[in-house]
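Below are structures written as structure tokens.
Presented sequentially are two complexes of chain A, the first with chain B as partner and the second with chain C.
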Partner chain A sequence: MTNKHLLKINNFTLSFKSNRGKFIALEEINLGLDSGKTLALVGESGCGKSITALSVLGLLPENAATVEKGEIFFRGDNLLNYHKNDLRKIRGNRIAMIFQEPMTALNPVYTIGDQVAEAYRIHKGFSRRKSLDLAVEMLDKVKIPDPGSRINEYPFQLSGGMRQRVLIAIALACQPDLLIADEPTTALDVTIQAQILKLIGDLQKEMGTAVIFITHDLGLVAEMADSVAIMYAGRIIEEGGVYDIFDHPKHPYTQGLLTSIPKIDTPKGGKLATIKGIVPSIYNRHAGCMFYDRCPKGQNACFTRPKAPEPFSGKHEAACHFVDV
Partner chain B sequence: MATILEVKNLDQHFPILGGILRRVKGYVFALNKINLKVEEGETLGVVGESGCGKSTLAKAIVRLNRPSAGDVYLNGKEISRLEGEDLKVARRQIQMIFQDPYGSLNPRKTVESILAEPLKLHRMVSTKADIKKSVIDLMKLVGLPADNINRFPHEFSGGQRQRIGIARALALRPKVVIADEPVSALDVSIQSQILNLLNDLKKELGLTYIFIAHDLAVVKYIADRIAVMYLGNIVELRKSSDLFDAPLHPYTQALLKSIPAPNPHKRGNLQVLEGDVPSPKRPPAGCAFSTRCLYATQTCHKEKPPLEDISGEAAGKIACFNYKSLTETKGA
Partner chain C sequence: MIAYIIRRLLYMIPIILGVALLIFCLFTFFGDDPVRVALGQHASPDAIANLQHLWGLDKPIYLQFIDFLKQIVTFDYGVSFSTGQKLSDMFMEGAFVSLSLTAPPFVFGIFISISIALILAYYRDSFIDHMARFIIIMSMSISYLVYIISLQYVLAYELDLFPIMGYEPGLESITYLFLPWLIIVIVALGPNTRIFRTLFLEETSADYVRTARAKGAGEARVLFKHVLKNALIPIITNTVVAIPFLILGAFLMERFFSIPGIGAMIITAINEGDFPVLKGMTMIIAIMYSFFNLLTDVLYSFVDPRVKLS
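Entry: the complex of A and B
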């Protein structure tokens, strides 16, 4: 059953060592994604979105992170059993990533042509000449004007939007099966964001790539996602199709998020709904529902952990004892 | 309503120095002939993309930067060339809330000394007991527990730090508060808490806000009127509801259509505006937006459109040669 799906994360629990002891960063994460689809991973800062992505890529700091349990199946193989060298063959080739900060994700001392061509040289074994030709083609695909001469430019000579296009070109150079986009437009202006969203969408359609879209912006989720997983304090608390999540949010946290953002049609001056309190500290974990102390529905039952949603169940589920109350 | 703040023909041009002799090689044209009036008790929103001059405008008004030319009137009094004690007095009435709740508070000072500093500098209260009482009042005002008075900024969450920043801005009982992206560094669930607080404080203290943000939904929620900026120019200035219902300037239209709504039923409606914002070192000769505008004509590339009054129902100001013909063709 695991073979059917492009990506399936089972019961994945991850801990970090820090000078204040060990803490759990991700707890029993279950996620799944099929080819060509888009999954949005949504949550506030510190909830574990980016760590989930780094786990899939095998980019966790080895000295601090420990996988407590679970599996990450990619095309049927458990990535956690891979040797470092085998992972390196997959990373940037079958699974690629776009990072949030287009200013720092590129190497400042290499031309952008070299940085795109590197993917072809390493993963496909092409010659320098041929790789550069392919890089020009790829830069043309991400709509960088005049790519033939732009390949000789350095990152500092490009605007933020152009740099993000270069990152996308690098990520998609080998036509990966899975693209992880970690807040790809957060550092960009809205008119540039729209350009990048359209580009990712178009290329995804053309190449049939599956995309994990990590964001905290619910507008982007509504625009891009097929399915949505909401994260809170290292757990997935709600999962379902994008229309289900927006039309009938089940978890009190999701409901709170959706009502607390001012929308373009929110009446002016009226009180915004708020979620009281703040996200719990990572050192302050307990067995029950992590949202308990901020939740309007919190009751005694919440001291035991609610059942987590199952991926691929085809259902819209929330980890809450009072979903239908 | 009376005009509390007026900006007239404000320019801010930063020199670029170069060569061994540090000669002026050119200028960054950050603000070009900005004109605006803020009425007492209103919230004026300022929106635009990064680098359009929103923050420079805020800094020029509170005199963190000295404007290159133009005047700023506060309650009818010119303040852009004040010095020393006069400037200090003027600044009591106009205060600023900063974007970054992490960078804008001194990490080595307690909440008490952060909030007491403006009170001491401006000699608002004299005795130690009075200062402490004022600080506690300020903390209560912004919803911080008074027993946190001896804590340092790092012991607070982002939302609470922003409350400290707000309390500091209110310490001198200002009339006008300029909030420069006060919620953009905060998580979504915290943003709404701070926006509610700002609205409550405005009612309670009768404040006037200039609210700078790039998130249009936030600005629409909080502002009465909105100024849209592009490359150092105000291109449209209208009532918030009018601007969102029927944007007139092609840039405003494009801006509104490039934001995805948090509603999957409305997906696929994004309109993509091609190209990048030009460099403020070499702004276009004509209209600043002419390089990306779908409707630009010969005139737009050569001449700069003035910010003109629009009369009638859609009252406000706009800087565009063609907006009339555009609205007509759309209506037809």
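Entry: the complex of A and C
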């Protein structure tokens, strides 16, 4: 089971220490991803998407975060058992990540050529000269015009979209098996957004990279993803193939998300459906469904009885007592 | 760059004119009458008139101000009341002595503070870090004077490793300066290391550090390559502004070790009511201050590519 997937997260539970005590931030996360495929991780802000990604990379703040239980298998090995130094050799090499904030994610005092070349210097041990040559090639791949002279520019000389391209170049420099893109376009204009998404998709096909695409916008994933996992308050409440999720959403939260995506036929200025209420505070965790108080179907049973994800057709599963079958 | 520096130098002219006017007014309208101070209470009116004429104090005020401006431009501030030495010579001699007292431990001290701070940032929250922070706080809660007196007593008097005090020009000066250097380094080490450690740690939570880590950079690369260069920007601000005070010397050190630097000169001048010296020194220090401000900005442009001097 574990060896079949490129990445397999099993029963992963993570807690944070805070000044109000320990709280569970991720609970019983189960995810699987095969080579070359795309998994979309979708949920409202604060539900734990980024920390799921950082857990895979081993980049959680050491003094604050504790793994309570679970495993993260990558190519058959449990990353949680890796020594720090071995994990470092995987980061940026086999597993890479791009972040939400292209404006601040690059080091302001080094040239972009330097910063792309650094990936080759760290993982391949190439000379400065050779690394820079490869950086030029990589910048060309992410469609930065005139990369030969651009390598000497500093981040402040580039637009947000260009910076995100540089960050993609850094991430894909060593042809990783897995790219985690954490809301890569949230900070960008809509037109630039489409270009960046297309770029990621094209490079993914070219290099055969698997992608975890993190977003709060379910509307973005229909074209990109093979499978979708919906997160709510630190849990995955529904997971399935992209068609399962879009055509037969089971969980009321997923259904709510889908109706709040703007459609072409939504009249201008017309009202979009929204999910009422706010995301519950992580300090008020309980065993039942966390969506209970915002849910149109919510009943007492939801609050008191925990509900494990229940499988439907194929890999489609949802955690709800009252799904329409 | 050159054009920028020239323009900044031109901007300095009105600033320096303003400062000169301020200093001139302070000394002309508020201080004691320098002639009275020089000649004492019982001087004859003739003697007073003579001295006033000699120092140009009988001229109209605006001419006196123009004289002062001439002094600034020609770097010729007249002679000291008490020693008769030319102030510009005194300043050059004193500045050299003060700088040889303060500059070496300043540079060396910053270098070690940065190194220790990097090590502490690398081992943050470990035993070493906690111990070091404890020692730093301890060292900072002891007065400057305690360091001077106890080290002078133990190292120079009891152990006779250094001369207790005094100064001789030339190479010989090193034997006299070594102990003050040591004290200055020790005293500055705690606060500097603490500031630099905080700067480095603040920098490590920046987004670009997360990118570097995601790239596979190890902790050493993160600190020494990525963080250090960014942290140099605030470090420069913290240190270059201190340079004019180096030339002023460390008043206390010069006094305790009888080192004839600018600090000691100014204290003597205050004691003796030596107005030309005080007025000239104040003006020179103000001008120096503007120059070092400019130097800070020029240094920025070397470290931070976003700073374009134009």
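What we mean here is this: the second predicted complex is superposed on the first by the 303 of 325 C-alpha atoms of A that agree within 3 Å, B and C clash if a C-alpha of one lies under 4 Å from a C-alpha of the other, contacts with A are read in each partner's own complex, and residues count from 1 in each chain.
Here, a contact is a pair of C-beta atoms (placed from the backbone, for glycine too) under 8 Å apart; a residue touches a chain by one contact, two chains touch by 3 or more.
The structure presented is a predicted model; accordingly, all values stated were derived computationally and were not measured.
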Fit or clash between chain C and chain B when superposed on chain A: fit
First, second, both or neither for A:Y110, with chain B first and chain C second: second
Touching partner for A:R91 - first (chain B), second (chain C), both, neither: second
Partner chain(s) touched by A:L257 [first = chain B, second = chain C, both, neither]: first
Partner chain in contact with A:L197 - chain B first, chain C second, else both or neither: first
Which superposed partner A:E118 touches (first chain B, second chain C, both, neither): second
Winner by number of chain A residues touched, once chain B and chain C are compared: B
Nearest Cα pair across chain B and chain C, whole Å: 7
Contacts on chain A seen with chain B and repeated with chain C across the two complexes: none
For the chain A and chain B complex, residues of the former touching the latter: 44-45, 159, 161-162, 189-195, 197-198, 216-225, 242-243, 246, 256-258, 260-264, 266, 268-269, 271-275, 278-279
Residues of chain B defined as touching chain A within the complex: 49-50, 157, 159-160, 187-193, 195-196, 199, 214, 216-218, 220-224, 240-241, 244, 254-255, 258-268, 270-274, 276-277
Interfacial residue positions of chain C with respect to chain A in the complex: 125, 206-208, 210-218, 221, 226, 229-230, 303-306
For the chain A and chain C complex, residues of the former touching the latter: 57, 59, 63, 85, 88-93, 96-97, 99, 101, 104-111, 118-119, 122-123, 154, 156, 167, 170-171
